[in-house]
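If you scroll down you'll find the structure; I have some questions about it.
Naming follows writing order (A, B and C), and every chain is counted from residue 1.
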Amino acid sequence: MKQATDKKAMLTDVEPKPRATIVWGTALVLVALPFVISVPLSTEILIWTIFGLGFNLLLGYTGVLSFGHAAYFGLGAYSAGLAIKYWQVDILTGIAVGVVASMLLACFIGALAIRRRGVYFAMISLAFGQMLYFTALSPLKEITRGEDGLTHIMATVNLFSVSLDKPKHLYYFVLAITVVMLYLTWRILQSPFGKMLQAFRENEERAKACGYNTTLVKFFSLVLSGLYGGLAGALNTLYLGYVPLTSLFWLTSGTIVMMTVLGGRGTFLGPLVGVAVFLFLQNTISLFTPRWELFVGAIFVVIILIFPGGIMGTLREKYLSRKMVKLQNKAADFQ
Amino acid sequence: MISDIPLNVILMQLFFGLALGSIFVIMASGLSIIYGLLDVVNFAHGAFAMLGAYVVFCAVSLSGNFAVGIVSAIVIVALIGALVEVVLLKPLYGKDPLLPLLLTFGLAVAIPDVIKIAFGLIGKAVAYPAAFSGATKVGPLILSNYRMFIIVFTLAVLISLWIFLKKSDLGMIIRAATQDSLMVQVLGINTSRIWTIGFALGVGLAALAGAIAVPMMSATPDMGVEMTMGAFVVTVVGGLGSLGGAIVGGLLIGVIVAFTALVAGEYSNVAMYFCMAVILLIRPRGLFGESGRE
Amino acid sequence: MLLRTDKVSKHFGGIHAVDGVDFTLRQGQLKSIIGPNGAGKTTLFNLIAGVYLATNGKVFFKDRDITNLSLHKTSRLGITKTYQITHIFPNLTVFENVRISAQSRNTAFNFWRTTHSFSALNERALDILEQVELLDKRSLLASTLSHGERRYLEIGIALATEPEVLLLDEPTAGMSCAETNLCAELIKKLNKELKLSIVLVEHDMSVVMGISDEILVLNEGRTLAEGTPIEVSDNEEVQRVYLGEGKACSA
């Protein structure tokens, strides 16, 4: 039997005490971002990153593919917008309303569909996304203003009597929330719950045999993901000052899928990298042609064929395979 | 409500619903065949249907013959499908099962833009074929000839599909490969080619659905999404991999959409999703359970 | 009786994979289920583990009816299975594979504390790796292990759930004779040192002869013979069924 101190030493070697360096480093880069690229683009990157962090928890870490994530984004956006417009609540309450609404929707969809096999869930989620889109388009158009989107939501954006009307002020407000969400995500991934999600994606059957209730875990992951989606949607309402009907459109769901896969599903920075690259591509291509979907779709197809791990996933694979060779050599030396 | 509506209007709407449902049935059968064989849910299914619609538009403009349009839609789109399967999907088999699904989704995003560049954003209308224009009076009902044609034609397509799968050698191999592709491989049959044929057949059916829908709704670049959605809802309700499920689910959804359009017009786009939600509430695994492979 | 089945049956369509089998396991016993291919070994096993619903009959664990409990519920009661085809978490490290399993009992839904801070849990994972002789490989990705090592890792994952009954489905499948003998020794050690009750499904009779307390022989879904290794090997019907079957590794 080895000594207890031996085990302690072994533990630090097998899993060093985790430090959130990656979160703080990213935060620093994001603080400087609006000085490098335009403020609106920077803000968009933050909002989509929050959306992507939540989507990545579901797709990248739990292995559940939702093709209707626009539902959470759009519902968050509309709920926040409606609360601010009709109830005149302050923006923090508005955001909270958006988040809660999206989480409730995730509970509803999860209860109905998360039991179904993966392909069915992908189809059902897309269908629910479309259902919300068409509901906002015509039956509820008295409230949602249908095709025009929800406009004239607020005169000014104020946070406790501090005006956020200047784009840069709003950017740093969104940044603060983004950093909180990055840290939250990082904590989740270091926790038993986060490790469990990854185990799920790796081998659901084995996880069941370990005593995990797979349905329940997927359900929690979906609701958590709904929280991020609702938050991103609500922030988008503050940023745009209105809610476009397209926030519920299927292409919005598709965009977050493409961003996350492009950046690297199941990697911590994947969503941020994917969002940045995607928005850069979209903006650049739009300068030349309105048909950016063709190019983005084609690039996405190529990525799937050549780098299915996405940008960060491919880099991580390279790094891990090198590390494994080293470790194996080390183990061989011992024997 | 519905009791105030005269019987003949209800029957008319039922007729409309069956015609609409027929298109869903053909879409969903194609989706099922592809899933059964390749384990891939084809998210670009509607995009292929849209391509079929545009082929009909071109062929009818050139030849003036609707039958030529339908045949060329099936053949051309099936060939495109075969190409897509060989070049894009084949490299992904045996890897992460999400990848082919994501890939077809990428196609669903990209393909409509190709059409927008080639034909512009405005829809292209195709006239009803001369033989089926106008309407026929049946008792108190006035039924559009073209919709009658769709219902009869769909029936014919389904019967031939059924005969093909049950009786022909190729059909039997496809059914066997749907059950167990390894077994078919052991028998010395080239499953790789069967997959290509299966995918081509599936998207060919999608093209057929798009083709026969065109005179009623005209071809637009973005029509694919709604057609995909129709096929998905039918599949969720009826179950993947069963033709019976596709038929019952398709007709049910078609009729429900038609009746909603009658009593609450603004809900007609939402009706099929509500219907899906309700069925999921009552029967979480769909009307016929989940068939096909785990 | 720790575990028993009462005339349990499983029919797949017209095929009676398991047909009215009575199976018993006492506390601390190592019992093997053997039989030729298609005898219903794995099916019986999966009926006990809750993978399949029984067509007829009942399964009892400590006199509690567990017939219709699902896999994760039987696991929580203390019955954990391994798979005939290796089921591990390939892209996690060997250490994480075991810890995921170890944490399933109490800390699974904690999403704020880091796993690093659960030192008792982590030390337990290391102890288990030591038991299954994988301590040196703890930092490797599970996908880089050899076939034999993966089989051991899977046993480790099962051990980490702190089972009372360990169900091992052909743990030596695909191993060479030398590896098979080592693995048989490991199983015996787990049974003796950890006082684990073990059900072992094996295709190959010689593996189980040396280590089992009792053996149940299945053929075509029914019990052919049951008893100590000597009783079973003397049974003429067993000899007839087993003539020229499978690999033979003498322990």
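Keep this in mind: a residue touches a chain if its C-beta (ideal position, glycine included) is under 8 Å from a C-beta of that chain, and two chains touch if they have at least 3 such contacts.
Just so you know, these numbers come straight off a predicted model, no measurement behind them.
Could you classify the connectivity of these chains, where an edge means two chains touch, as line, ring, star, complete or other?
line
Taking CA centroids for every chain, report which one is farthest away from chain A.
Chain centre farthest from chain A's centre: C.
Distance between chain A and chain C based on Cα centroids, please, to the nearest Å.
40
How many angstrom lie between the CA centroids of chain A and chain B, rounded to a whole number?
33
Distance-wise, how many Å sit between the C-alpha centres of chain B and chain C, to the nearest whole number?
47
Note the residues in chain A that touch 2 or more other chains, in rising order.
none
Which positions in chain C are in touch with at least two other chains?
none
Where on chain C is chain A touching in the complex?
49, 70-72, 75-76, 80-83, 87-93, 95-96, 99-101, 103-105, 107-116, 118-119, 122-123, 126, 130, 135-141, 144, 157-158, 160-161
If we count contacts the way the header does, which residues on chain A are in touch with chain B in the complex?
Those residues of chain A that touch chain B are 63, 65, 67, 112-113, 115-120, 122-124, 126-128, 130-131, 134-135, 137-139, 141, 250-251, 254, 257-258, 261, 291, 293-294, 296-298, 300-301, 304-305, 308.
Would you tell me which residues of chain A are touching chain C in their complex?
Those in contact with chain C are residues 2, 7-8, 10-11, 13-18, 187-188, 190-196, 198-199, 202-203, 205-214, 220, 320, 324, 327-328, 331, 334-335.
Contact residues on chain B for chain A in the complex?
35, 41, 43, 88, 91-92, 95-99, 101-103, 105-114, 116-117, 225, 229, 232-233, 235-236, 240, 266-267, 269-270, 273-274, 276-277, 280-281, 284-285, 290, 294
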